[in-house]
Amino acid sequence: MNQHNATAILLLSCPDRVGLVSRISHFIFERQGNILDLDEHVDTESGMFFIRVSWDMDGFSISSGDLEEAFGPLAREFRADWKIHLSYEKPRVAIFVSKYEHCLQELLWRHGTGELAMDIPLIISNHRDLESLAAHYDIPFRMFSITPENKKEQELKERSLLEENRIDAIVLARYMQVLSQQFVDAYPNRIINIHHSFLPAFSGGNPYRQAFQRGVKIIGATSHYVTGELDEGPIIEQDIIRISHKDTLKNLMRKGRDLERLVLTRAVSSHIEHRVLVNGRKTIVFN
Amino acid sequence: MNQHNATAILLLSCPDRVGLVSRISHFIFERQGNILDLDEHVDTESGMFFIRVSWDMDGFSISSGDLEEAFGPLAREFRADWKIHLSYEKPRVAIFVSKYEHCLQELLWRHGTGELAMDIPLIISNHRDLESLAAHYDIPFRMFSITPENKKEQELKERSLLEENRIDAIVLARYMQVLSQQFVDAYPNRIINIHHSFLPAFSGGNPYRQAFQRGVKIIGATSHYVTGELDEGPIIEQDIIRISHKDTLKNLMRKGRDLERLVLTRAVSSHIEHRVLVNGRKTIVFN
Amino acid sequence: MNQHNATAILLLSCPDRVGLVSRISHFIFERQGNILDLDEHVDTESGMFFIRVSWDMDGFSISSGDLEEAFGPLAREFRADWKIHLSYEKPRVAIFVSKYEHCLQELLWRHGTGELAMDIPLIISNHRDLESLAAHYDIPFRMFSITPENKKEQELKERSLLEENRIDAIVLARYMQVLSQQFVDAYPNRIINIHHSFLPAFSGGNPYRQAFQRGVKIIGATSHYVTGELDEGPIIEQDIIRISHKDTLKNLMRKGRDLERLVLTRAVSSHIEHRVLVNGRKTIVFN
Amino acid sequence: MNQHNATAILLLSCPDRVGLVSRISHFIFERQGNILDLDEHVDTESGMFFIRVSWDMDGFSISSGDLEEAFGPLAREFRADWKIHLSYEKPRVAIFVSKYEHCLQELLWRHGTGELAMDIPLIISNHRDLESLAAHYDIPFRMFSITPENKKEQELKERSLLEENRIDAIVLARYMQVLSQQFVDAYPNRIINIHHSFLPAFSGGNPYRQAFQRGVKIIGATSHYVTGELDEGPIIEQDIIRISHKDTLKNLMRKGRDLERLVLTRAVSSHIEHRVLVNGRKTIVFN
C-alpha cells in the first residue's frame, strides 16, 4: 500500500498522567511524522485523558502495516483504549431504513458528491418502500421484514450479512425497529441513530406529537450511539429550529425533517472522520 | 384622561365562527379607530379563535372609560374571554428573587433604560442577598423567609402586600421556592417563571447538573406561566446555546445565565405588551 | 371549477387609511367567507399598508371566476396593487441552473415529496451537467449556452419558451449568468435568486473566497428578488452558519451549500404560498 | 510568588515544521509540567503554525520567573512570536466609552461577578454620561473631550495615563471616536472594538439605519482588533439575530444592543484568557 498522501489518525483514551501529549507526539516525531492536527481533552471528573492526533504518513519511517505493533508498547504502558485509522481505509457503513426517505436521500446524495468519505455496501430495510431510491444510487438493498416472532432469527441473518460485508458502522436512518440487546452489543458505539426530538425531551414514540401537545417554542433532533437503553446512548450531535403557535403538527414534522437530515449527516461525518470518543454516557467530539 | 397618543389593545379568545375579524374590525372602524396592528390565530384542534388588535384612541368616538361597556355586547355574543388594555396604564409587576442576581439585574437595567414599559412597585425575596441591588434601583425590597412551618402564613402576607400594591403580574426571577396552589390560583397566567433548562427536558432541581451528566450538546432556558404542576405551565419563550465536551459544569451555568436573562426578558416583554394568549397548556405569542 | 376545499388568498398594498382591515374583512364576511388567516403591516416610513388574507371558498356566495370583478371597485377606491390567488392554481415555476446541483436537487426532492405546491414545467440551463438529474425527476430540460455574442438572442428564445409554458416565476438555482435588464423587467419581483453570502457582505463573485480571506466567523446565504442591480434586489430570506479558523475554503463551500439549499427553499416556499409583498427595496414576508 | 495553583499559558506562532508539538510538549514534560490543555492549528496557505498550551506550574521544576529565559532558545530556533502568561497575573484592561451604557454595564457586571478575570484600573470617556455608572462599580473615570483641534494632545494624555496604569489591553465599549494611527500602533492587536453590524456589511456610521434601509432579515455585531483601517481589523467574534419587516429601526437598535453586549463580552473573554492569535488579518480563537 502506497503511503504517499496517506494520513494516520490515532484515537486514544487512558487514565490521565503527566507526559501523555509529550510522549505520544514524540512517538510520531522520532519516526519523522508531521503532526497535522492534535486535539486532546481531560475529563477532570473521571480522571480520563482523550486524544485524537493525525499525522502525515509520507516520509514516516515505519509502514502503516507495522504501526499498530510499533505503538503497542506505549499504549499498554498507558493502559489505553486506542485505534489507529488510515485515511485510505474508508469505513464501511450499512444504512438501516424503514419508510421515511429524507435521511437516506440526504446520506446518499452527500455520499455521491464525495462529501462523506465512506463506503456504503448495503442498505437494509424492513419495508420495500425505499428500494428504488437505493437502486438509483446503485446500492444493494436487502429487505428483512420484522415481526415479534421472527425478530431474533431475522436479526441473525442481518448480522451475518453485515459480517460478510465487513461493516464497520451502522446508521439507523429513521429505522423504525428497536434492535435487540445482542445486536447492539455486537456493535458498541458503532450504531448511530437519529431521534426526532431534542433528547432527553420527548424520548420514545411520536416525539413531534409530544412536542406539539406540550407547546414548546423550539423543536430539535438528536443523533446518538445506540445502547441497550432506548434513546439513552451517548449524544453525538443535536440541533434545533424555532417554531410558533402557527405551526401545525404537519409543519413541525416538515421542519423537523430538515433538522434530522442535517443532524444525522453531521454525526455520521464526525464518526467516519474518527472525531468521536465515548466517555461513559457522553461523547467527546473533536471538530 | 387624555386619549392623545393612547393605544387600545384588545386580547380576545372565543369559539371560532364566520365573521369574527370583520365584526371586531368593524367595531373599531365605525368609531373612527385606526387599526395599528392585528394578529389572529385559529386553533383547528380546539376550534378556538384568538385575536390581538390594537388601534389608535386619538379621534376614537368613545372614551377609554366607556370602551369596555361598548364592547361588552359583542363579546357576550361571541362567548369570549377578553380584555382591553390601554397603553398609558403600565402593568404593575412584582419581582420575586432569592440569591441569584443575574435575572433581576437584567430586568432592572432594562426597566431603567425604558425598554420594559411596566412599573415595578415591589421586589419580594426569601433572602437578604439582593437587597442592595434593589436599593441601587430605588425599588422597595421586602423579605419573607420561608420555612415549611411558616410558608402558608408568609404567603398570605405576601399576597396582602401584592394586593395593596395592585400587582398585575409576578415575575419569578430565579425565586427558589415553590408557590402554593392557592397562591398560583390567585394569579392565573400572570406568574412568569424562568426555568434553567429546555423544558420538558431536565425539569425539577439542578437542571444544569442533569444536562452535564446526560452529555447534551445544547442547553436551554424556558420561561413559562406557573401552574399547579411544577415546570408544566404554558411555555412563553425558549432559547438555547451550544456547548461541547470542553464545557465544565461551571461553564454550563455561566452560559446558561446569559440564556436565562434573555429568555426571561423576552417573556416579560411579550406579557406586558399584551402579546400572549393562553390556549390550554400552550401559548399564542403574537410578535 | 369546484370551489370545495379551495382557498382564496388576497395580497394587497395601498396607501394607509382608516378602515382598510374592516372593509376588506367585511367584503369577505358579507359573502359568507370564513377568514382562515389575516396578516397586515403598516410601514410608517412610506405610509403604505400591506395585507394578506386567506378565506375558505366553500360556501362563498360568488364563484372564484367572479372574484376579481367583485373586488375591483374596492381596490380602485384604495388605489391598491393587488392580486387574488386560488389554492388550486399552482404557480408554474421554471428553474434556471448551471453546474452546481445541490439547489436543484433540493428543490426537486421537496417538490417530489409534495412539500412545494408548484408545478415545474421546465428546467433551463446554460450547461448540460444537470440534464440527468432533471431526467430522473421527469422534468423537461432545455439547454441554452450563453456567450456575450449570443446572449440577447438566446434570452429571447428562453423568454418565448417561458411564455409558452405560462411560467409565473423563475428560480435561479445557482444559475451562473447575469440576466439582462430586459429579461428582468419582464418578471418583476418574480425571479428568485440565491446568493452564497450574507448580503450586502460579499456581493459579486467568489463570496466564499472573499469570506475566507476576510476571516469572518459566520457565513451566510441570501435569497432575493432579482432587479437590474446585481445582488441589490429585495431580500426574502437569509440564514447563517458559524465557522472557525479550522474551516478551509473547501469547508466553507460545503457548509455554505447546506445554507443555500435551505434559504432558497424557504424563499421559494414563501413566494409560491403568496406570503411575500415587496415594499420598495424591502420585502414583507408573512409567516 | 507562590506557584501553587498557578497555570502557565504559552501562545506561540512560527513557520510550520516537523516536530513542533513534540518539542514544545517535551519542554514542558521534562520539567515535570502537566499539560492541561493544548490546541494547535496550521494555516496551510501561509505555512504558519499556531499553538496555545497551558500547564500546571505546581511541581514544575523551574520557577515562573525563569520560564521565559528557559524557553527562549527553543523559540529562537523556531523563529517564533511567543509569550508566556501566568494565570495569577490578571490582564489590566482600560475601557473607553462615550454615551451608550449597555456594553460598559455588561462588562462591569460580569467583572463584578468574577466571570472576567481581569483588572479594570481605568475607564476613559469623551463624555460625562457614564461617570456615575463607573462610580457605582468603584472604577476611576477620566474624561477627555475630543475635538479635531485637541485630539492629538488629548490622545497623548490618554496614553500617558494608560502607561502609568500599565494597561495591557483596551476595550472600546461603543467609544464614538476614531483613534489615531499612532495610538493604534502603540497597542497592536490589543485594542478590542465592538461594531454594531455583521462586518464587512454596514461598516462605517449608522449601521442599524443602513441595515434597516437595505431590508436585511438578520442583523449582527462584530468584535475585532482595531487597526489603522476602520472596521477592517481581525475579527474575533460575531453573532446575529433574526429580524422581520415588523421591526422598526428602534427595535433593531434594541435587539442589536443585546448582541453587542454578548459579542463584545465573548471577545474580551477570549482575549484575556489568551485564546486569540492573530494570523494576518484573521484570528485564530481557541475555545
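Letters A, B, C and D name the chains as they come in the text, with residue numbers starting at 1 for each one.
As a working rule, a contact is a pair of C-beta atoms (placed from the backbone, for glycine too) under 8 Å apart; a residue touches a chain by one contact, two chains touch by 3 or more.
What you are looking at is a predicted structure, and each value in this text was computed from that prediction instead of being measured.
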Legend entry - Relative to subunit B, chain with the most remote C-alpha centre: A
Legend entry - subunit B and subunit D: spacing of chain centres that average the CA atoms, whole Å: 37
Legend entry - Approximate Å spacing (C-alpha centroids) for the pair subunit C, subunit D: 42
Inset, instruction - Give me the residues of subunit C that touch two or more other chains. - result: 244, 246, 287
Legend entry - Topology of the chain contact graph, where touching chains are joined (line, ring, star, complete, other): complete
Legend entry - In the complex, subunit D residues that touch subunit B: 101-102, 105, 109, 113, 115, 136, 244, 246, 254, 258, 262, 287
Legend entry - subunit C residues within the subunit B interface of the complex: 18-23, 25-26, 28-30, 32-40, 42
Inset, instruction - Quick one: which bits of subunit D touch subunit C in the complex? Just the residue numbers, please. - result: 41, 43-44, 198-202, 213-218, 220, 234-240, 244-246, 248, 279, 281-285, 287
